Amino acid sequence: MASTDATTDSSLPEGSKRDSMLPDRLRPSPFKEFWGYFCENRGAIVGLFVFVAFILIALFADVLAPHSATEQYRDALLQPPAWQDGGSTRFLLGTDAVGRDMLSRLIYGARYSFFIGVIVVVISAGTGVLIGLLAGFARGWVDTLIMRLMDVLLAFPSLLLALVMVAILGPSLINAMIAIGIVLQPHYVRLTRAAVMQELPKDYVTSARVVGASRLRLMFVTVLPNCLAPIIVQAALSFSTAILDAAALGFLGLGAQPPTPEWGTMLADAREFVLRAWWVVTFPGLAILINVLAINLMGDGLRDALDPKLKRS
Amino acid sequence: MPLLDVRNLCVDFRTANGLFRAVDGVDVQVNVGDVLAIVGESGSGKSVSMLALMGLLPWTATINADLLHFDGVDLASANTQQRRSIIGKDVAMIFQEPMSSLNPCFTIGFQLRETMKAHLPLSRRERQSRAIQLLEQVGLPEPERRLKAFPHQLSGGMCQRVMIAMAIACKPKLLIADEPTPALDVTIQAQILELLLDLQKDTGMALVLITHDMGVVAETAQRVSVQYAGQKVEEQGVRDLFANPHHPYTHALLAALPERATSRQLPSIPGVVPGQFDRPKGCLFSPRCTYAKDRCFQEVPVAAPPALGLARCHYPLVDGIAQREVS
Amino acid sequence: MLSFILRRLGTFIPTFIGVSIVSFLFIRLLPGDPILLMAGERGMSAERHAQLMVQFGFDQPLITQYWDYLTGILRGDLGISFKTKRPVWDEFFALFPATLELSLCAIVFAVVLGIPAGIIAAVKRGKWPDQVLMSTALVGYSMPIFWWALLLIILFSGMLGWTPVSGRISLMFFFPSGTGFMLIDSLRSGQAGAFASAVEHLILPTIVLGTIPLAVIARQTRSAMLEVLSEDYVRTAKAKGLGPLRVNGLHALRNALIPVITVIGLSVGTLMAGAILTETIFSWPGVGKWMVEGIGSRDYTAVQGGLLMIALIVMVVNLVVDVLYGLINPKIRR
């Protein structure tokens, strides 16, 4: 009964027939296909552009910022933005309580934000993927031990654990980043392990084993590239989580310390002016929101483009 | 007037790489009491045309047809209310995967009574007794107990029987069975087919059987429509089709039947059904056709006269010999 | 079902031990002598130091200390707060109802808005309601909630003057706390306006704390619905000629709810993290604010106790959700 089922025959049609097939379009390459799916998501494109803009701002902060991030203009305390009464074009977005230019601080803040994201993702993804690979390949008691350990880490609300770790390490931006990196790392372990377990029984792994690939080669060259899709998506997500959590720690006084122009720390300074000077509160938060939103938009686009399950058929 | 009359049905799917035509100008006519088999390989669009009729295609599909009539009602222009009063009542459908076609969160009884509740003016008690009667009719033992069971507690064959019971609950005029058996054991397959044919005879409903199995076709159908790459390539009465296939594709399908094999090795049709990216310019079957000539690679063939089984071929076969220039 | 619960308990116990070790190690990992750290700049005399070392058990070997700690937890003894000299257990449970009340309101807010939003978005996939709802959800998901709180305060308290800025109830009202839930206590007190005042104080914190869970639930509901909508049994339901309300609202939603409930359970952790920020901003006298203050004032025994208790609560909720998951998923129920 399987006789009529489509079966690919090894003997290809002869030359004349081949020419006649004249395909309308060739199947696109994997990257092109990925890019096609990514571009279909307008939000993802917008997110990508905004994110690139943020990177450029961070890179060229010295050129772009009209003032220094820390210089205090004592003649212009809490000056409103240029378009409001009492504002001037000298300080486009106004000044804060000690007379520092908001715009310049926001521009320099982009550096911190980007820096935090990169470092946290490197810490958490680097260790998480390694441990996840180990757990997935080792199985047995090593696996159990690692996963129970991750369960323990995940039992704590992330911000709380980061908070407590900073309390141990002492409040600073570096310690905040380390703490957030450790807190986010279990997600990578779980993802990588799950992906490895899914790939291991597949034929290509077996054939690589049969050919005699070493364990390390099997882990990093054979299996890991096929587990990358969910890890990349997670990286995008944890980039934005890192920025949010670092800002939250800064806001609680446990992250970057004043006068660092980190957006969360700026908000902490601005708290007492909530009802008096809306601009010192609004702009840093808006910067965080737009940055995080852009990365999340990109992350959604990545997930849709990489996850074959959600692809339209 | 035929019970079901579909002319020039086209279904397009929107994909990331542009439109994909899954059904391309298919005609289907089914009379009262007919048993029509639609045959073709996977990817030939045979299920899609029936799903289009039922309004069950995903949102990425667009449906066009010159005519889409069922029992005198134009389904293309009918509003959703009217369609819904026909779908599930006068036209019912059963699907390939009986296990996943039943909702895992509800009991068999709930899902069975629900159909009747939607279409028939029965009381709660009447629905219950009819549900028991239906399960008996499809040959499920201990119907009262089965009604309380969840789908995962039944086997695949039992699930398919429940699906059939659900489909015939409202005494439909047309039952569409979309490859109802491949997921099941061989013995169960035969039982299910026998059940469908018995029900067809008892109730006089029309039956459309979608399958890729020529063996099933020979045992069940009165009329056969052969589909290839979204097109109907041939349609004949079952006896004539098996005796004298006119399209090279039908010919090849029949030659691949184990009972007909002449050599030690089973003949197979080289290549696969063309997909979105390798659609040939001329006849869609030309790259795989052993009879193909230059013209087949250049020109799109049209259907031959009914005497030649409406074969969509430049050189239809008669008694296994290609004819000259029919169209 | 019973074996399922037992299996689930089997992973609970090692995690509990792990969590207790983490919170036990917290004080021991602090750089320097914990007693001196907690004393701060004032310092203390040598005798007082020695006396406290004995009182907190720091003179014992580590294993003995842990054993005492673990058995203490099981007896409801989390040690003595360094600052207030009251048992940490009592302090925690005096404040916990405030956090619980806020969290419950936030989760109800998130579920009531999030599930319908997710269903509508999935059913209207690709059309404008989907786009509007999901864009909003993504903004909510990306929201720095401490800033969101400040914005809402500027708008509703500053410019419109509708809601109060901090606390659980106006200082005008005083009544003994019975249940610890201000909404219930204020109703029971019978004082005119007390309940309204409690509600007024709850609105902004609820919105702030509920925002991220709301966004997560809406997104999860949508994706679960989309997945379920392409299932064969939804096609069967449509093939029966059932209306969209029954197909989407009953056949699809019943199955889609299974992953959504898991997400609601998991958002308890998010809520606790959010409570730290929300309570700090709105001066809400709950355990989140208490923890932040504990870190600020170096009351490490309090922080240690809070860390353990919050983790335990999250774990218990997740356990309950898993059992619930088994109840609504007939495949596990058997």
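Each chain carries a letter (A, B and C) given by its place in the written order, and its residues are counted from 1.
What we mean here is this: contacts are C-beta pairs under 8 Å (C-beta built on N, C-alpha and C of every residue); 3 or more make two chains touch, one makes a residue touch a chain.
Values in this document were obtained by computation on a predicted structure and should not be read as measured data.
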### Query
Nearest chain to the global Cα centroid?
A
### Message
Just the chain pair, please, that has the highest number of C-beta contacts.
### Response
A-C
### Message
Nearest whole angstrom, what separates the Cα centre of subunit A from the Cα centre of subunit B?
### Response
48
### Task
Provide the C-alpha centroid distance between subunit A and subunit C, rounded to the nearest whole angstrom.
25
### Task
Would you mind pulling out the distance in Å between where the CA atoms of subunit B average out and where those of subunit C do?
53
### Query
Where on subunit A does subunit C make contact in their complex?
43, 148-149, 151-152, 154-161, 163-164, 167-168, 170, 240, 244, 247-248, 251-254, 264, 267, 270-271, 274-275, 278, 281-282, 284-285, 288-289, 292-293, 296-297, 300, 310
### Task
Going by the contact rule at the top, pick out the subunit C residues touching subunit A in the complex.
11, 14-15, 18-19, 21-22, 26, 29-31, 135, 138-139, 141-144, 146-148, 150-151, 153-154, 157-158, 223, 226, 269-274, 276-277, 280-281, 291-292, 295-296, 300, 303, 307, 310-311, 314-315
### Query
What residues of subunit C sit close enough to touch subunit B in their complex?
125-126, 230-233, 235-243, 251, 254-255, 328-331
### Message
Touching residues of subunit B toward subunit C in the complex: what are they?
### Response
54-56, 58-59, 83-89, 92-93, 95, 97, 100-106, 111, 114-115, 118-119, 150, 152, 163, 166
#### Entry: For the subunit A and subunit B complex, residues of the former touching the latter
1, 3-9, 11-13, 16-18, 20-28, 33, 36-37, 40, 311-313
